[in-house]
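Both of the next two complexes hold chain A, though its partner changes from chain B to chain C.
Presenting the complex of A and B:
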């Protein structure tokens, strides 16, 4: 089954390019620590999911590119074409002449209805190219105007038009300090709308990825390109084909469905995060060796202590003794808090993967009480290695780890809202104080639900 | 991509405008080596086949034939505009986009606003509509004028109302030169205060600039070059004051150097909208992020490094120094000290080979020494444009919505009151039809109300920042 990707705004398009590039390069990576036949099956599965074929044989990404002004899409198209290895469809873009001005209301209430037909038509064409549709992957940022506002609008329309297809939104959380001044307003409006219309929200925070670039990848002058490439690596390790129950040569057919089934048992809890280990510069990779035991131990502690990377993990944080209730309800202010999960999915790729022992992840103390670990935890193991990593492990979790960042955004937005600053820019395009209040209410509810796990 | 139209009004407005067009042409020539008419150039220029008579000559793609500025030149005297039309830029301007008269406004806002306003309203509308028609997607009007005279001040602000009524969806960015204390036009306080009311009510965003600051900046550049220590050498092709690039010539025409700073400001303001980068900032984003309340739309600007404003080859200093300088009072284009006042919002527009980590490092470093209003503690808007200014590796434009504009306005009000108390020169204004004393009193109240807003914000400066109680959700 195939996934149709919708890339929205500058962020969505810049990341989308890196994702397809990473997926393609990985699937054509020679070797892969497995047989040639295995490699071919992997490639074919990856292709089915993400690329369609054109007459001259160059794979075409199953993607629709949307932006309200032209510069970024032109760049994205030419970067892809230049690689010569894959490209975007010539007619898969929708552009306008003037951007959304970082205004969620403009993206949602003006651009959305105005261009709904054209955008939905483009998506329809892409869907028609699929033999069978697993669902939609929508890449967008929360801070700006197009990705956030138009992204929310498009997701809603996808829900209306393709009610049986799944939707996962890849949302980029902006840096805590300043990319966009009204980013907190745009964020709460986006999140509250997506909570209603999307099936799962896969979140990446710029601050976290930036730290990975600085500490793990040792990049001195970090650019957005570097950040996007780390992100693409993490997404690739989740979305590339994995074995189904039958094992070798048989890959899972419904990536989105499988992810949702494992990770989103309840519609009140939709926020997912990704952790990946090991993550390092390719130069260092050649000199490093890992054991599954070591990788999994770090990954588990990253989960428990809410660390986003394998450096600086707090090993003091422990799960509560099993059988006993967690040590009091989570308060957002506590520094070192144990991160309770609803569901976890570990994806292992590489050498001797079948020997990897994930027992520690099945500890009921990690999870909330209303799900048995047998339902809350799953593992997918695949022999075929990911990129140049002999062993790599990804953890997708639905846990409390996003509560603190969410709470911060809501807090800052609330302070600004109390002063009524910038509201005239939103009310000008039909987003009223009521709409803000609705968003605040919904998100406070989400925070409370996660805190009470 | 969108287009912008520049409306230059009065002597000052036209002189600055002329410098702007010169710099814009040179910037695009440096970036666009193949002379293809692309979207970046089209933001400020039309491509015209001059062999075609009449209006049909516009060419939208392909090689550049003849570039015409998207500009409307207005002056009630002929001297300055004529000089432009005889100078090296004469082919850049469309002769049909001019409005001139011969008598001038006599440094009288009322003459500019009321007399010439009503006289030329139709003609102005016609020229504006024409320039709008030539645009695929018009986003912004840039109005350049001075506040202290008669034409720029009076007719320039009359225009704002016309633009607001005729093109309500198009942003109005106004670059206003405020009179310094030693201004030689006696009535400049009257003109400025009357113009301020119009700016309060009809501009989307104002960039106030004063001559004294520009002069100080030029002096600093001269000092840097003359000190010899830095091994300064004259650069043949960088963007600066005069097209021959020789600094000696600059001393003959001091205003040229100062005008070029303002021209650089406009160029850098629009660079992220015209050129590519990893984090773009369009003009509508500037307004969205920097104007928290409609009346508080005055932005203090600073350009660093200063040597990007000079034809000199000073070896680039540390990148971080550029950021520090942007907040120093010596680099602001008006007399203001943002560091010791309250920030409502701040935008950093970087050009050149600067990445997000450089930007973040500097914001973290400078944040503790700056005071932001309680509801906008992280009030930063940033952009990264890959194309540096010509002949240099990087530059930074900082735009601050900061209470440090208050002293300029208060000062203006003081000067106004000194004159008005004595009714000095008032009869020149009152004898104009449509002018009454109430025009003056309303104008000064409008300014006082604005100052009061800034005062209220300043009062919150030393208060501790508390988080407000949040919504309580019943579980």
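Presenting the complex of A and C:
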């Protein structure tokens, strides 16, 4: 079953390229630690999901590229074509001549309706190429102008037109010390709109990925390209093929559907985070070996101490003793707090994967009281290695880990709103104070729901 | 005066007739036990009971003999069989009183089986359900799904209070599964369309024109062909057994009378006479008892309605008072409007009743030209019938939602100190 990706704005397009590149390169990685037949099955599964076939045999990414400027899209198209191994469809792009100056309201209220038909037509063409549509990825930034406002508009239209298809928004959480003055306004408007029309919000935090680049990959001068590549690696480790069942060697047909069923059925809890281990530069990879026990132990501690990478984990954080509630209700001001999960999905790839013991993730203390580990925890496996990592583990979790960043953004946005700063930019294009208030209400409700786990 | 010697049938033949009849029955039913088990069941021997419970489970289960039902423990099967028999109106209470572990009650189970056999053509119905189908089939109505009892549900202990978030989680999961199911079905349709397109002209039967998935697999994989042959041979054997059963069943019924005689009398005489339901007595073949109950309910409702109307009319007439000309004109206008509404309702009902709704699963055939006089159903007609049904169901849904809203409003009114925060509208 296929996934159609909508790449929005500079952020969405650059990341989208890296994602398709990572997926393609992994699926054509020689070896992979498994038999030729299995490798072929893996390749075929990945290809069917993310690429379509064209006459001359070069796979075409199932993607629609949207931006208000030409520059980034042209760069993306040529980068893909240059590789010669895969490419974007010639007619899969939509761009205009001018940007939208980081103005969310302009993107949502002007660009959106004006270009709705063209964009939805492009998406429809891509959908028709699929034998079966599993759902959509929408890659966008949360705080920029075009990507965020237009992205919210497009997601809403996808909800209207393809109401039974699944939608997952890949959201780029801006740096805490970002450059756009109104980024917090943009963020809360984006999040609140997406919460209503999307099924899942998979959040990628720029700050966290930046640290991974600096500490784990040892990159001296970190560019957006490096960040995007780490992000693409994380996404790939989640969505590449896995076995459909314990003991089966057939690949799962609908990972997006299965993931959503396991993690986001509740309408109030849609925010997901992804962690991946190990993550290192290719040079170091050759000299490292790992055990499943070690990887899983680190991953679990990363989850409960809310660490985003395997270095600098706080090992003092422990799950609360059974029967006792976690120390008071969660207060966003506390530094170290046990991160309660609603549901978790662990994905294991590589050698001897069937011997990996995930029992520690089934501890009821990790989870909220109203969902038992048998419902809350799932594990996917494949013995086919991911990229050059002999063993790798990814964790997608629906937990309290995004509450603090969300609360910070809402707080800052509220402070600006209370002094009516910069509101005219929004009211000029039809986003009224009421809409802001609705957004605040919704997000406060989300924060409260997560805090009360 | 010599002793009269009555001519008896040759004893050995008579002795074989019963086991042969039961053996034929066994061969036609799924998972049926040997004739020896039946004999032991008559004398209520414990080893007979589990086999007969399992037989009843397979006979009543909508899934014909597949691996899913094997995984149910005997106790779950026993409870399920009891509930299904009860819902079908099985009269003997002794069955319900049997222990859940399935260790006793061979005789009662025999009686239950006989009751099922007597009610309708059971072997033939089971054979139709498990019939080997060569074509790609698609149901065009929901009748079969609605009529069959659901599979056994896991036992859920209601312990104390339930967190509503857990319920919301489960609801959401169900909705997501529905969406995934739809996506899967769309994929299946797209792929079927491709297979039918690619195999045009391959079928020896010109009226079909193309191959189905089973037929394509037959050509691709000889092992598949062998398995199909095996299944056809099994079905054939069961059909022959069913015919033999029909020839010999009288012997079985005479024997069942003796089984009934060995049973202790029930406090209230059971109505053991087999009742074959009238055709058209409801899609699920409701037993006569339930129909009578419905009839009584309808009569009671009609009585209530009549009283309510009388009361209303009386108060209205008292309120209106005089009989001026405008009042007469208004009254006439009202009568005309009501008559129109009733006529419209009547017409709508007649329309729905007259149409023959398509039933049962059909083989999918992809054709280009519309050949007149061809048997079968066009996809457009089937879709129209389904759309009409969809409209009905949506109207029902709206009505139920309205009732829920009224109920909520009533609850809101009952608790003045509560603030209700509705979900954000888009």
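The definition used in the following text is that the second predicted complex is superposed on the first by the 449 of 453 C-alpha atoms of A that agree within 3 Å, B and C clash if a C-alpha of one lies under 4 Å from a C-alpha of the other, contacts with A are read in each partner's own complex, and residues count from 1 in each chain.
Note that in this section contacts are C-beta pairs under 8 Å (C-beta built on N, C-alpha and C of every residue); 3 or more make two chains touch, one makes a residue touch a chain.
None of these values were measured; they are calculated from a predicted model.
Trainee: Record, for the superposition on chain A, whether partners chain B and chain C clash or fit.
Mentor: fit
Trainee: Quick one: is A:441 in contact with chain B, with chain C, with both, or with neither? Answer first, second, both or neither.
Mentor: So A:441 meets both chain B and chain C here.
Trainee: Applying the touch criterion given at the start, work out whether A:265 contacts chain B, chain C, both or neither, answering first, second, both or neither.
Mentor: After superposition on chain A, A:265 lies in contact with chain C alone.
Trainee: Could you let me know whether more residues of chain A are touched by chain B or by chain C?
Mentor: B
Trainee: By the touch definition at the top of the document, which applies to A:7: first (chain B), second (chain C), both, or neither?
Mentor: So A:7 meets neither chain B nor chain C here.
Trainee: Angle at the Cα centre of chain A spanned by the Cα centres of chain C and chain B: state it in steps of 10 degrees.
Mentor: 140
Trainee: Now for A:224: first (chain B), second (chain C), both, or neither, which partner does it touch?
Mentor: In the superposition, A:224 contacts chain B only.
Trainee: Does the superposition put A:176 against chain B (first), chain C (second), both, or neither?
Mentor: A:176 sits against chain B, while chain C stays out of touch.
Trainee: Applying the touch criterion given at the start, work out whether A:421 contacts chain B, chain C, both or neither, answering first, second, both or neither.
Mentor: Only chain B is touched by A:421; chain C is not.
Trainee: By the touch definition at the top of the document, which applies to A:242: first (chain B), second (chain C), both, or neither?
Mentor: After superposition on chain A, A:242 lies in contact with neither partner.
Trainee: If you take every C-alpha pair with one atom in chain B and one in chain C, what is the shortest distance in Å after superposing?
Mentor: 9
Trainee: Which chain A residues contact chain B in one complex and chain C in the other?
Mentor: Shared contact residues on chain A (touching chain B in one complex, chain C in the other): 441.
Trainee: Flag every residue of chain C that touches chain A in the complex, lowest number first.
Mentor: These residues of chain C touch chain A: 163, 165-166, 168-173, 175-177, 179-180, 182-184, 186-187, 190-191, 194, 424, 426.
Trainee: Show me the residue ranges of chain B that touch chain A in the complex, using the header's touch definition.
Mentor: Those in contact with chain A are residues 1-2, 39, 136-137, 139, 276, 278-280, 282, 284-285, 287-294, 345, 355-358, 360, 363-364, 367, 374-382, 384, 467-468, 470-473, 475.
Trainee: Inside the complex, what are the residues of chain A that reach chain C?
Mentor: Contacts found on chain A: 1, 131-135, 156, 164-166, 196-197, 199, 253-254, 257-258, 260-261, 264-268, 369-371, 375, 438, 441-442.
Trainee: What does chain A use to touch chain B in their complex?
Mentor: Residues 10, 14, 69-72, 75, 97-99, 101-103, 145, 175-182, 210, 213-214, 219-225, 227, 410-412, 414-416, 418-422, 424-425, 440-441, 444-445, 448, 452 of chain A touch chain B in their complex.
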